Amino acid sequence: MSSVAFVIIAILTLAAALAAATLQKLMHAALSFAATLVGVAALFFLLGAEFVGLVLIFVYIGAVAVLIVFTILLTRRDVGKDRGANWTGALLATGVFGGLIWAILKTQSVAIVAPHMRSISVKRIGEALMTSYVWPLQCVGLLLTAALIGALVLVMEEKR
Amino acid sequence: MSKSVDQIFVNAKQWVLSWLTGAPGWVLQVASSLINIFALLFVFLTLFALMSVLERKILGRIQNRYGPNRVGPFGLLQPVADGIKMLIKEDIVPARADKLVHFLAPILIAAAAILALAVIPYGRNMTPFTIDGGILFFFAVGSTTELAVFMAGWGSNNKFSMLGAMRAIAQMISYELPLIITVLPVVMVVGSLTPDRIVAAQAEYTYGLVPRWFVFTPWGATAFILFFVSGLVESNRTPFDVPEGESEIVAGHMTEYSGFKYATFFMAEYIGMFAITGLAVTLYLGGWHSPARSLEFIPSYVWFFTKLGALLFVYIWLRGTLPRTRVDQIMNFAWKFILPMSFTCVIAAAVWHYAGRGLRGWLWSFFVIAIVYTALSMLLDTQRKFAPRVYRFAE
Amino acid sequence: MIDHLWLIPAVPFAASLVILSLPNRRRTSAATLAVAGQIGALAMSVFAFLSTLQAPGLRTVQNFTWFTFGDNALRLGWLLDPLAAAMLMMITLVGFCIFVFSKGYMAGDKNFVRFFAYLSFFSGAMLGLVISNSLLLLFICWELVGLASYLLIGFWIERPSAAAAAKKAFITTRIGDMGFFLGLLWLYGRSGTLLFYDGGNGCLESAGLAMLGATVTSIALLIFCGAMGKSGQFPLHVWLPDAMEGPTPVSALIHAATMVAAGVFLVARVYPIFSLGAINGVTSSLIVVVWIGVTTALMAAVIAIAQADIKRILAYSTVSQLGLMMVSLGVGGVAAGIMHLLAHGFFKSLLFLGSGSVIHGCHGEQDIRKMGGLRRLMPITFSTYAIGMMALSGVPLFFSGGWTKEEILHVTAHWPVSRLPYFLLLIGVVLTALYMTRQIIYVFFGDRHAGSQHAHESSRVMTLPLIVLAISAISFSVVLTPAWPWLHDYLTDESAHFAFPRLIQPTLFLSLVLVGMGFALGIWIYRKAGVQDRGRAAETDPLEFAQPKLFRFLENKMWIDELYARTVIAFSWMSARFSDWMDRNFWDRLVRGFGGIGQQFGILTASVDERGINAGVDETSVGTRGLGRLMSAAHSGQIQTYLGVIAIGLLALLLFYAWLA
Amino acid sequence: MTPTLQVVLVVSTALFSAGLLAALSRRHAIFILIGIEMMLAAANLNFIAFWRFSPQPQPPTGVMIVIFSIAIAAAEAAVGLALVIAVYRHYRTTSVDHFDQLKG
């Protein structure tokens, strides 16, 4: 795990995240959000979880980001008139950030270096999914089906 | 002899890297990657240039006319002329466009298309980047294309662009599902997401005669056809080119692009096409393996590009032959026919596996596919009777 | 084979369930499924039959526990023996022909799919009945076939007469089934098991029979009640002619070939109970069986002469033939009775399908007096019908019915109790030939009348089953002749061998004479039927012209329905009225009185409630409401406020952590 | 030098706070969704980090959790965006300030 790469990716990711949270235009924010997730996926790669990184790109860029921009498109008439920010919220978020950073820096047990690890193959993940995690997998399948139907029902035209 | 010809590019790369002996590991890694990247870019940009002119020539032949034949011998230098034209054209950006997004869209779309090329094995030991989940990488990168297309449509701030982008995304999302599901049987049978392994699994010959390519199994053939059709849609080619249907919405999401940006879109489309056909060759047509043992002396990359070229020819052929479909027809076709058939392929592959991967499995999986196909065609039959066509002007 | 025997009824059952779930327009699928189910059952029946051939007298049984209560277990089971195998073959083969026929006959019906669902259902239930090794399982299937019969008789529910006939059939057989059920319970009480064969412990085996003791006669007679109801024996025969309201294939399958034969089959199956303690082959229960059979056979034959409806004649003929089978069982000729049952299954379904073809050809006309001259218009139907008629009449040598009937006459002649049944049956034979001759003359000969003016031959899908059944009715006699009595010996576990001299027997000539007499009499009486003759109108029956009163008596089925209406039904009506009156005037008042008391008590408690308890509850709720108002003020409805509060909570936790550290 | 767990945690905390910022300070409903997704991504990063830095990273526990979490987040996003569209149809606005029907 290269430190330089990590720092560069982390900075880019955080910059994109901050842009996603603060940019005035919603579309730009959504695209920054996509960039953030690419960054997170890259961090996953660096942390030795390639499969999850690919899945993250696949699901978030391919599906969630497209969904978000679609939603922006469908609610476009409202996009122009963005209102001022809620400053209390910003203050709170900063407070939480400060508190958490303080807590992390204060905790000594997390100042450790990653142990050596053989890279984890897709095959092992597949086997784990099909053996010890088969019930969660089924539940997630059910959940996704339910979410799909629920989303469809929600956006169906209201009958007059 | 043949071995050294086969490995000539691999050895050349080793030779170049041998200059750097003694450099730190990361330098070697970066150098190796750079060599791969430049090789890829060189090969595929050349192929793109060649394809653009060949397409026009073949289309011309299909339509009973000559293609471009003025620039260079047989018009082969036409792409150079086109390139120069594109480069010196004025780059127009609409005044009310979202400039940043408008600028980023072609870059992203080209990057995604080129990235997808990285995991395909072009020959023996000739995979640019071996990733454990290579197939997943291919689709993950491919899925970003949708976002790029959307950016192009949105950034142009033009109704035609937006409509084209919506159409493109709708059909790309719809066909991404069958695209992935038709890959599943191969992945299941091989037990790996790595393209190298998939190619290696198709190495042998049944009875020393018929190559063990997946296209020669019933499920493989079905999946290959479905994959090919879905790939056609993914790359927005005729007959599924509604997103840029000239007669309806000018040029879809590319309406507001001109000059080099337009050329980039054009290039991305072709490179996406190469990538998807390359994946089809890898998955179903045995990758770089030769179709007969006696022909193994021909280098592996030649075989790969021969197969790729054959598939690309079919693309052009289809473009010259078929009329454009309607949007609702494309959607109906995807959700009512292609998707169920793709699932059937998965089941048929499982049947094939559990029936012993031999002749018995072949027959059983054929049976499964035949049943589902018959049932679907009965269910989906609209029973519409078409009046006999009358050609009034083409007699 | 025995392991998979249950599949035979299961396949038609499954087909029925699938068909029932089909939408109404999938007619082809329904018919195909039903026929496929029947072919499956037929194929498996052939396997079962072949497996019984491997060892003569083989009886394989498979029992299982249905459920246990206390120390007892209720066990059911399957059974495969020659009797069951022969029945399976007959039911599936005839059933198959009739299914195919129905496809043509019901082609125009709007409830086509439902019809095939019911038909398959019936087939499954009947096959289950035949192979069951437990009186309870047999009873369950027995009731299921009853249900199927009810549904199919009333298939054309829009006709009031069909609905009435269905109800009549159901209620009449229910009277018999009541007796059957009582007999079943009694049998279980005495022997502790309902399995027929259970390795020596079944109720039909020596150990089980020994426990029955003196009650055996009563049990046997109660079970016979069920058989009487199902097989249309006097006095419970009244439903069977009315059941002809159902579609003709139903009449052929259920009310001629299979279900009505279930009564005969039942008696044959539990024959050890009937014959327990027999002296010289005679027990008191068997005597009852014989006399009821004789009465039924003769009475039905007589009534059949005066009927005008083509299917009703066949129905009475069925009743009469069932009586004949009962007599045969009663006098000890179990094999003869079953043989006649099987042969009857073939030729009677042939006759019914033939009549269906005639009705179909005549556009729904059922009155034989309005037909005539169909011989030339419907040649295939005519020739097959004639074959069926000869088989039914018992023409010797070539037709299966002749051999079996002769066998029955033979065993009846040697009954030690009385010679009377024998002579009565001889009369019955003559009468059978007579009424069949009458029917044939009316329908196929003479001039065309209103109903047959535009008749046409039926389609291939209907004539093919006729031809198959006709061939069966003839070729079946190969295994029936005394020269090579293969079926007889198959049923009685002996090995058959060929002996040509046995073919010629004195009774052969006797029956030849009797049948000839019946034919001659018929031709003589009805030679001018349907045309005007010496002061008789064309539509008047010659017999009616000669004996109007007798004819009227017979035409109205000996007034038995009216007798029941005056006695049994009138009594039920009276008791119902009485119960109604009691309900209204006595019980109702009693209930109302109790109700009044309750009401008074309610008023009392209500006042306590209102004055005492309510006040306290009111106070509490006012307090709760105030609290709720206070709490709800915190809910602004703004998502971000809620999120912010969560964030504050997180901060508070962090502060708490800092304070701890 | 390689980054320690602490550094990764700081990065994920920053990401989480950015998400919280988007969710708390912006009025547009889609921003809230984006914020929630970012917070989920930060949580996923934490899962991966703790799995990677644990003494035995061989069993893919963290990876599993993250796979399921991504699936659930995708479902959540789909339903959430559908809700936004439905609400927009009804109120003709996507500003969360106006959604106060549940006010006590």
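Order of writing sets the labels: A, B, C and D. Residues in every chain begin at 1.
FYI, contacts are C-beta pairs under 8 Å (C-beta built on N, C-alpha and C of every residue); 3 or more make two chains touch, one makes a residue touch a chain.
Keep in mind that this is a model prediction, so the values were computed, not measured.
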Other chains in touch with both chain B and chain C: A
Contact-richer chain pair (by C-beta pairs counted) among C-D and A-D: A-D
Centre-of-Cα separation between chain D and chain C, whole angstrom: 70
Centre-to-centre distance between chain D and chain B (centres being mean Cα positions), rounded to whole Å: 34
CA centroid of chain A to CA centroid of chain D, Å: 6
Distance from chain B to chain A - Cα centre to Cα centre, in angstrom: 29
Chain B, residues touching no fewer than two other chains: none
Residues of chain A whose C-beta touches two or more other chains: 2, 51, 55, 63, 70, 86, 88-89, 92-93, 96, 100
Of all residues in chain D, the ones touching two or more other chains: 20, 23-24, 27, 97
Pairs of chains, among all present, that meet the touch criterion: A-B, A-C, A-D, C-D
Touching residues on chain C, where the partner in the complex is chain A: 640, 643-644, 647-648, 650-651, 654-655, 657-658, 661
Chain C contact footprint on chain A (complex, rising order): 86, 88-89, 92-93, 95-96, 99-100, 102-103, 106
Chain D - residues contacting chain A, complex: 1-11, 13-28, 30-31, 33-35, 37-38, 41, 44-45, 48-49, 51-53, 55, 57-60, 62-64, 66-68, 70-79, 81-86, 88-90, 92-95, 97
Chain D-facing residues of chain A, complex: 1-3, 6-7, 10, 13-14, 17-18, 20-22, 26, 29-30, 33, 36-37, 40, 43-44, 47-49, 51-52, 55-56, 59-60, 63-64, 67-68, 70-72, 74-75, 77-78, 82-83, 85-90, 92-94, 96-97, 100-101, 104-105, 107, 110-115, 117-118, 120, 124-125, 128-129, 133, 136, 140, 143-144, 146-148, 150-152, 154-155, 158
Residue numbers on chain D that touch chain C, as the complex places them: 20, 23-24, 27, 32, 96-97, 99-104
